[in-house]
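What follows is a structure written as structure tokens; I'll ask about it next.
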């Protein structure tokens, strides 16, 4: 295997994983923009998406139905979470809210453990496991699914924020909460929407990644952390930043594992993060 | 108002009555209390859960059969979450609050090592369910263990490699103590057998993808990949190898000896070879094998009670509890005597092998405790 | 005039009562080593949480990587004593100095960051330290952990039981509490609280905010190093998994649950979240569900933490009967 | 002698020029005011002087020393104190403690002596409290010293901010719209306080919208618009300056 095809392999791997990171980072960004909260339960949405889809699929439901239903259910969880735990706290400090999301993350993880047990489960691949070759690297069809769905979700999000009333309202309340209230936007409702939306995105990420990496009740923590990491690298609050950060983290991590040392793969990821922050304290595309 | 008070009175009286009743019954013979600490939650929970389930199963069976010489057996189980601090507190609680006679577990090597001092100080027998050789080497007076050490698993794998004339291997391991300890053992034993390790790779417990590491291995002239880890990582390794079109054999560790691996890896599990205790291939064993009947019974009982197949981790707990129980039968409720009895156990047939303890050997197994197993048609098959 | 300085004249009595309770605690528990053992961990956690609270509550800086300092302290002391035969009393200053200087070096670039960026940077630092502790087995002994860390003795007197260790840990914890109280009610403490109130205003009054942030960061790391020292010699064994991300988060949670910018809150937070999981053992598998739920409930109903909410309640009663506080001599 | 001099000061944010080639000086012991319409760049000038923002180009000299490029706290330690347009008290502290922070740089005790409560430290704490109380007495807040700062009425929050700045014993104080939000009685009191401060030998630079106050107490006025100087002179001169009237004061002021 030549170095060239190795590089191609690393990059392809990095792009698929990076896509997932990017989706999770987008989830962080949406909630952060409308509420200022870092939602530590974001990874748990990813986990729930995967786990619910798997259990629905095993009941014999077609894959697509299972996936859609799972996204809906996780969205409902996101809504419920906002209503019950975030909404009642008017004017609490951000750190308090963050601790609440940590509590929620522990809680959701515990519930998932009780429902699904501790073992990993797998969703069948969307279209077989036959690998094919590009430029000396091998890819699974599922990787293309991941990439395709990730990009479509990003596109849909873009369209949503640019062309729908709700999307515009969310953007407005992200840009200036006071001004948004003045023009009649219900900012608190926007917070609810943001939780629903990022729960849905998390669920999508969880579903598409499950055939490749499996799901288990505790898969969310690390994915959530990496997503947070990606969001910070790109610049917190910037959607293009989240996407850039996600792909960058995925690719660099994969190259690092390939060329430096796989023992220090996660350390590589966090060193990248620290370097970026020291050079650009507000992330690559962050507002100064 | 009066009625309410009456109800309340009953509410208070009921527990008292129950207590009197229970203690009245128990007065016939004292309950034997044994402590158990497993990683029931946390990253090591795939180990701790079957261990706990096995212990509960055995507890029921023993009590239904009349207990130990008429004494009811009570196993108090605590969760360590795989965390040293929590484990330490659980051990303290077992020793000083619950006042148990012996302790089995914990599931992880790290947690075991963290409580050895405590156990030695409190002078209470401990039978660990963790793999690391460091637990019993050097020998500690009060500490035993039932799982086959990774040293033995590595030895078995080296034998297998030599038979196949493989002399260049690549190692990929999970970056937790289990995986790193396996890697270290391979690094020690492989060169002694004239086998060269051409690549070392590592992956995180929850890593979603290992193609980067495997691509690197693919670039070397390794003749086999040895993967050391517990689910789900090894399954991803198997799938990624298939994806990359790697044809060289994949040898896994005994860490994948549960059905989950086959389920997760799917077709990629076919042809994977690994060393394991005889439990998972019990049906294929010759009838002359002394362990066979016992293994079949355990496997069936477990399947019946929990609707899942038993695995070797549960087996470690089976062995540990049975060792304590048999010692208890002979020694009675005396910690020091129980310890002596465990140390004097010879030819004890367990799920993990045939145990022979001695003052210098607190694991009691040889590499014969392992057999090589392969996966064919989604099932375990005994090699040769 | 001196009266004006002491905001809480009852503070001294508070500490006295607290010490008395601690001293009497072993009697209440009929000397059961299990309870003593739990209290030892409460003491160790208190030390770290007080430091972290100085950083979070007073200097307004968050750290999601404090477990790393705890780990550095524990490993430093553990390695020096177990591998190189150093006396624990020599290892203690080494561990504290090492953690403080690591914090100082890390703090130089990191503390320029703000808010969530700082949180993520400290988190990243914590992860890197954790991975290094796990991977450098030639240094840290073994991947599963470092064994054979000796116990502590004072002269000939060996602290070989939990009870004796309990007194050592709480002596140090009370010491740390008093020191921290001293800091809070001093020039530096006021400067720090000023930074939390309005960093800009503090700067225009000549407060070198960057310097104090760094100093407190190093100080809180030193506390964590001290706690690591106590932990290592208590356990006799340390493994990397103790010092991971999870514990960092737990520490922050202890600070917030106890109450930010409250020294006593730190004690309460550490005690609450150390004892709670022990109480939840009866719930078996449901324990983490209940834990998560309780955490949320506490924060929803007491968003300012346990102490602040209680104090506010008491205050609202007091203010019902106004007492003039002006006193000039 | 000029205590403060700004030479060709310029600050731009991206494409927007907030302060444009501004030069002015303040004489020692003077009360000087900077006026101008909203968004004229007054607060930016303050931020440049106190080092909260770095100037794009230009120089600032304080007491003969160039202070551009110095850190905010260093500039403060040279004897320059300020207040803020939107009051920035340390709300989590008492009134007295707020003022004691003002004394910060005159105290020397560090972390170590605070931890150990050395006698020197205790002595210093006592002295500081005395100084702080004195400053509170000066602004008339001595009887409020133990209240939490946030519980003060707004007008007193403003005066507390001044007391806090005075506690640093500066040579010069920059006041940023100290009369904003005050009623007419409170404004008169404020004017008296500013004069009292000047009598203590301090130089005062004032940014203010309340023209009556400005005209009453200023010895010199600088008018800026769009970051540029459009006039400078005695109050009477400014009142008659056509440029100023046109750009800022408007017709109705002339009528007064």
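Each chain gets a letter, A, B, C and D, in the order it is written, and its residues are counted from 1.
As a convention for this text, a contact is a pair of C-beta atoms (placed from the backbone, for glycine too) under 8 Å apart; a residue touches a chain by one contact, two chains touch by 3 or more.
Remember, it's a predicted structure, so these values are computed and weren't measured experimentally.
Touching chain C and chain D at once is no chain at all.
Common neighbours of chain A and chain C (chains touching each): B.
Greatest centre-to-centre distance from chain B is found for D, with centres as Cα means. With centres computed from CA atoms alone, C is the chain lying nearest the middle of all the protein shown.
Each chain gets one centre point, the mean of its Cα atoms, and the points for chain B and chain C are 36 Å apart. Measuring from the averaged C-alpha position of chain A to that of chain D gives a distance of 48 Å. We define each chain's centre as the mean of its Cα atoms; on that basis chain B and chain D are separated by 72 Å.
Across the assembly, chain B contributes 41, 175 as residues in contact with two or more other chains. Multi-chain contact residues of chain C, defined as those touching 2 or more other chains: 131, 135, 285, 287-288. Residue positions of chain A touching 2 or more other chains: 113, 263, 266. All chain pairs that touch, listed by label, are A-B, A-C, B-C, C-D. Residues 1, 3, 6, 9-10, 13-14, 16-17, 20, 113, 117-122, 129, 131, 138-140, 209, 212-214, 216, 218-219, 221-223, 254-255, 257-258, 261-263, 265-266 of chain A are the ones that touch chain B when the two sit in their complex. Those residues of chain B lying in contact with chain A across their complex are 41, 43, 45-46, 49, 172, 175, 200-204, 206-209, 211-213, 215-216, 218-219, 231-232, 235-236, 239, 242-245, 260, 263-264, 266-268.
On the chain C side of its complex with chain B, the touching residues are 32-34, 37-38, 41, 131, 134-135, 137, 142-145, 147, 160, 162, 231, 235-239, 241-242, 277-278, 281, 284-285, 287-288.
Across the interface of their complex, chain A is touched by residues 56, 62, 109-110, 112-114, 116-117, 119-121, 123-125, 127-128, 131-132, 135, 245, 249, 252-253, 256-257, 260, 285-296, 299-300, 303-304 of chain C. On the side of chain C, the complex with chain D involves touching residues 1-2, 4-5, 7, 179, 182-183, 186-191, 193-194, 196-198, 200-209, 215, 219, 261, 325-326, 328.
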